[in-house]
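Once you've had a glance at the structure underneath, I'll fire off some questions.
As written, the chain order gives the labels A, B, C, D, E, F, G and H, with residue 1 at the start of each chain.
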Amino acid sequence: MITILVNGKPEQIPAPENLQNFLQAWSGLPEHYAIAVNQQFVAKENYPQQAITAGDAIEILVAMQGG
Amino acid sequence: MWQLLGESLNSRLFLGTAQYPSPQVLSDAVTASGTDVITVSLRRQMQSSTGNGFWQQLKTLNKKILPNTAGCTSAKEAITTAQMARELFGTHWIKLEVIGDQHTLQPDPFELLTACRELIQQGFEVFPYCNDDLILCQRLVDAGCKVIMPWGAPIGSGRGLVNERALTLIRQRLPDINLVVDAGIGAPSHAARALELGYDAVLLNTAVANAGDPVAMAQAFKLATQAGRLAFMAGQMAQREMAVASTPVIGQPFWHQATVAAK
Amino acid sequence: MWQLLGESLNSRLFLGTAQYPSPQVLSDAVTASGTDVITVSLRRQMQSSTGNGFWQQLKTLNKKILPNTAGCTSAKEAITTAQMARELFGTHWIKLEVIGDQHTLQPDPFELLTACRELIQQGFEVFPYCNDDLILCQRLVDAGCKVIMPWGAPIGSGRGLVNERALTLIRQRLPDINLVVDAGIGAPSHAARALELGYDAVLLNTAVANAGDPVAMAQAFKLATQAGRLAFMAGQMAQREMAVASTPVIGQPFWHQATVAAK
Amino acid sequence: MITILVNGKPEQIPAPENLQNFLQAWSGLPEHYAIAVNQQFVAKENYPQQAITAGDAIEILVAMQGG
Amino acid sequence: MWQLLGESLNSRLFLGTAQYPSPQVLSDAVTASGTDVITVSLRRQMQSSTGNGFWQQLKTLNKKILPNTAGCTSAKEAITTAQMARELFGTHWIKLEVIGDQHTLQPDPFELLTACRELIQQGFEVFPYCNDDLILCQRLVDAGCKVIMPWGAPIGSGRGLVNERALTLIRQRLPDINLVVDAGIGAPSHAARALELGYDAVLLNTAVANAGDPVAMAQAFKLATQAGRLAFMAGQMAQREMAVASTPVIGQPFWHQATVAAK
Amino acid sequence: MWQLLGESLNSRLFLGTAQYPSPQVLSDAVTASGTDVITVSLRRQMQSSTGNGFWQQLKTLNKKILPNTAGCTSAKEAITTAQMARELFGTHWIKLEVIGDQHTLQPDPFELLTACRELIQQGFEVFPYCNDDLILCQRLVDAGCKVIMPWGAPIGSGRGLVNERALTLIRQRLPDINLVVDAGIGAPSHAARALELGYDAVLLNTAVANAGDPVAMAQAFKLATQAGRLAFMAGQMAQREMAVASTPVIGQPFWHQATVAAK
Amino acid sequence: MITILVNGKPEQIPAPENLQNFLQAWSGLPEHYAIAVNQQFVAKENYPQQAITAGDAIEILVAMQGG
Amino acid sequence: MITILVNGKPEQIPAPENLQNFLQAWSGLPEHYAIAVNQQFVAKENYPQQAITAGDAIEILVAMQGG
């Protein structure tokens, strides 16, 4: 098991994997979102190539009201 | 009808979507405002979030989306946020907000310019929220911005155009740039004034969302921006130091003439 | 729709008829403004006068007529002029203007009050053009005025509401009186502001007549007064000393939170 | 002949008369007007009673644009 | 040294005597201020009154006394108070204050003028506290006043000169009258400004008495009024819309010239 | 007596040396002003130059010298000029002026900060002339500046403190930094105001040099800065929205009480 | 006994008298003062002629701090 | 002969030399000055090492009034 941060909360996943697989397994995934890993934007087409390893911080952001 | 970055717009009012009492009021206010452009942000989905609801609402509203980078305090954060916004909302428009002070929410000229240069390189159309310093505005134009959004007053303060001279100077010196007053607009008269000065549009949120009746206030701003633009195009009278009679003095009955002669 | 002295009016803009480039432009501007009340004066018929033409034009415009006593400098002159106006125009409404200084065209509080008392005795509905002194306004109300018209700035100066605090005080202290800002309005934003402060209407002339395009400007003022009134009724946000974020801070990605925590 | 002032200009009339007669004889009378004699308003119904004598100043005013 | 109603005065600061933390502080502040004229009032002797002590203090201070009619709301009251003051203080100088509103403590132009006329008939030298309306000031001069004291802002508000244009106009139009800004002065910069506009003096009380250190503040006002008068006499630079280099541009090294040429 | 960068100074007025009608008037004005710090520049020696004379005059005046980099439009130029000034005048103090616009002579925040960082590295004490943007001021402090000199208004405009709120904010947020208002001061009241806000000093030139009588004006500014500082230290009364009687209401004769009761 | 008002407080005096006598008898008289009776100023030299009768309001005012 | 710029004016000197020698020979030298060559400050102690060659721009600046 390794620990990562998802939207600021620690989560445990069995082992390092790529972002695409992680998201498929992740329960709270919204319909429309964009992702940054360790404060770097990851484009949708790069999810398969984006490795997720211990200590990584994933931000899954959605549309919100703004001014 | 006016042109902004190749888009034809009717309205000169850009409206924020935050702080409304309910989604319905937001929708009604957007409609009443006549706006073509609404601002949005990116946030984590909260447990009690209306995130998906908001997404659906955006689809229904069917307006041009201008995502912001609200809350960012460095170029790096703002760039990442802008990239995420581009993918999520499918637009290369970005309202670039890089805050330099947590109390005043003032823009940071240095991080703003850095982020601006990078984002323009990456193909964004950047709408920078900046202060009213001509030099900064000029640098943003030099960096490739076609729209500049100087503040009227601090975000959410509602104090209007605190330095009208500075805003006027920017308009004079950047005649070919689309200028939008962003932040500080508290009343329709402020919005009208910005347009009277020749600004192309205003962007506001709190003044509508926090009004007692946001929908009526949205309509008030619609009319005020129309009024301000009409006045700018119509050619305004010059202010004068002294009084000038509006009613003609010729043909006055003699008692008036006697009075005048005696003075 | 609002009530003024028993009349139902749609518009909160009273428009002067002087200084237009041509009678046609005057007519078009009156129409574009949506006004219900226009001001006129009395003068000797000049050789090259359009006096009769103007009379016909007034018939055609078919608006409520508010004659003025422009140019009068004493109560006596103003009373005579008001009496002549009543007979000629068939109205007991009179805009009472008694000038105390030929350079500033300031109202003379003393002659004004004297004339006001006499005219009210004689059955007139007096619309006194006065300064922004609460005490004078109160005396005019005590004399029987139901409408008070404090200035924004000197006649024809176009400087707007130079003492907003004084105008606000009058509104607070005379809640049951119809208040109209007369004189000094130079731009639609000024008119909107007067309405936002709770004034019932504005009266202006030069800002429209001297505009490059008076008809477009008349429309601008129409929209601005509507905007100002809507805003007043909608309940405006309070001005704040400091900035307040419009975009929510909850749900910010962690880089924002880190930044905030570090400060 | 006596001299009076009409709208500020001296005019001569044969003899004192009432305002109504004067106006009927006066050439420049506009269609719609109001009158003051010596700075006092004279209502239409009082024209027959209003005497015009030497030195009187008659103002015949018409509608004019105003602010 | 300047002349006021035949008296030679050094100071252009008139100081009120109320609201000081102690009689000693009052005496020290009067001394520090350098004032030649202090204002006083008349009241019933209270049980815990320092009335007699104050009388002794006035003797010791040995300044020119200007009694006021504070609190009066009618000409009749003000006239009675003025008559009592003349006998008690042995001076025909009177600061005439007739209040028209209990909340704003604004002067009542009508009662003021009435009282003024009567008191001048009775041989008083009247210092009327009035608003900044030129017409009222002119009427007071016509009534025989040689000194006029328009307000800067409401009594005790400390907001300075809220309508500088109106005060400037009065100065221009009444060049031979002694003009004193009375009320509203909150800081030495306000006093300096009044003198820079050509006013002959300022009258204030609260700004000194309510300061943390009234004695130091009195000295600050002494210096500020001296500064303002010096500046008025020295001839002030005109304000300019645009910037003008203070450092000469001739003899600049070539890199500057290259830069300028390139622009 | 106050401390600035280890120097003990009496005066809070820094005075420019340009634009005086004659060297004698300059010397007399410097003396009358009581200043401890005067600003100078570097230029090519002109044929008709008084360069050597000016050098002798500086020796005689015997004040602390603050050379400027007036006219520079890039960090590179400013750095070279500062280095030359250090050698020539034997001081590591430098007033850093990097102009971003030839019409407004506004400071360029970007080149200014760059130059500032480099010069501090090289051991200079930098006095940056900047705008009133808190973020820029903070960056300058972060770069090592111990003195910051925000403008009041554009150089030579004489318009005073156009954005008092912004200047106040800088004072609040940078409590340990020496703050000087540089540029825009047109009258002693402006200087007094800057000191009342808690600024440590003012720097000015045109308002004295272009006065009708520069020596008298220099003295006026001396008194005004003393007044402003005294007031700041004395603790100023708060401004109030409404009027507050300065004369006590207790002990009023009954006619006053009746009046009050009736209202 | 008749009742008068002195500085707003009811006082009783045996009978009408002139102001001068009243003041001589009045206990709280300050050293320096000016007087109004029924809102009319009474000059010092007129105290002997100024009658005080039932219901009269006497104001005895002294110097006080003022602005 | 080579041409250089001194305070913006072209001057001719026989051959390249160092700044110290140039200044000694230069007629208009003020008593107190500072020098930049090609927009770079040259400190007094470096005059002997500072070469002056064709096309160089020398600025010799003196104290001047400033604001």
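In the analysis below, a residue touches a chain if its C-beta (ideal position, glycine included) is under 8 Å from a C-beta of that chain, and two chains touch if they have at least 3 such contacts.
Molecules present, by chain and UniProt name: A, D, G, H = Thiamine biosynthesis protein ThiS; B, C, E, F = Thiazole synthase.
Quick caveat, the model's predicted, so the values are computed rather than measured.
**Q** Which neighbours do chain B and chain D have in common?
**A** Under the touch definition, chain B and chain D have C as mutual neighbours.
**Q** Does E-G or F-G have more contacting C-beta pairs?
**A** So, comparing the two chain pairs, more contacts are at E-G.
**Q** Name the pair in E-G, C-D or F-G that forms the same interface as B-D; by residue number, over half of the contact pairs must coincide.
**A** F-G
**Q** Go ahead and note the Å separation of the Cα centroids belonging to chain A and chain F.
**A** 54
**Q** Using the average of all C-alpha atoms in each chain as its centre, how far is it in Å between chain C and chain H?
**A** Centre-to-centre distance between chain C and chain H: 70 Å.
**Q** When the C-alpha atoms of chain F and chain H are each averaged to a single point, how far apart are the two points in Å?
**A** Distance between chain centres, rounded to whole Å: 35 Å.
**Q** If you average the Cα atoms of chain D and of chain H to get two centres, how far apart are those centres in Å?
**A** Taking the mean C-alpha position of each chain, the two centres sit 92 Å apart.
**Q** What are the residues of chain D that contact at least two other chains?
**A** Touching at least two other chains: 7-8, 36, 39, 59, 61, 64-67.
**Q** Which residues does chain B have that touch at least 2 chains other than itself?
**A** Residue numbers touching two or more other chains: 16, 18-19, 41-45, 49, 68, 70, 77, 80, 104, 106, 155, 205-206, 245-248, 251, 253, 255.
**Q** Pairs of chains that touch, anyone?
**A** Those chain pairs satisfying the definition are A-B, A-C, B-C, B-D, B-F, C-D, C-E, E-F, E-G, E-H, F-G, F-H.
**Q** For the complex, give me every residue of chain F touching chain G.
**A** 245-248, 251, 253-255, 257
**Q** Write out the stretch or stretches of chain H touching chain F in their complex.
**A** Against chain F, the touching part of chain H is residues 7-8, 28, 30-36, 39-41, 43-44, 59-67.
**Q** Applying the document's contact rule, which stretches of chain G touch chain F when the two form their complex?
**A** 5, 7-8, 36, 39, 57, 59, 61, 64-67
**Q** Hey, which residues of chain E end up touching chain C in the complex?
**A** Within the complex, chain E contacts chain C at residues 100-101, 104, 106-110, 113, 131, 133-136, 138-139, 162-163, 165, 169, 173.
**Q** Can you tell me which positions in chain F touch chain E when the two form their complex?
**A** Contacts found on chain F: 16, 18-19, 41-46, 49, 68, 70-74, 77, 80-81, 102-106, 154-159, 186-190, 192-193, 196, 205-207, 209-214, 216-217, 219-224, 226-228, 230-231, 233-253, 255-256, 259-260, 263.
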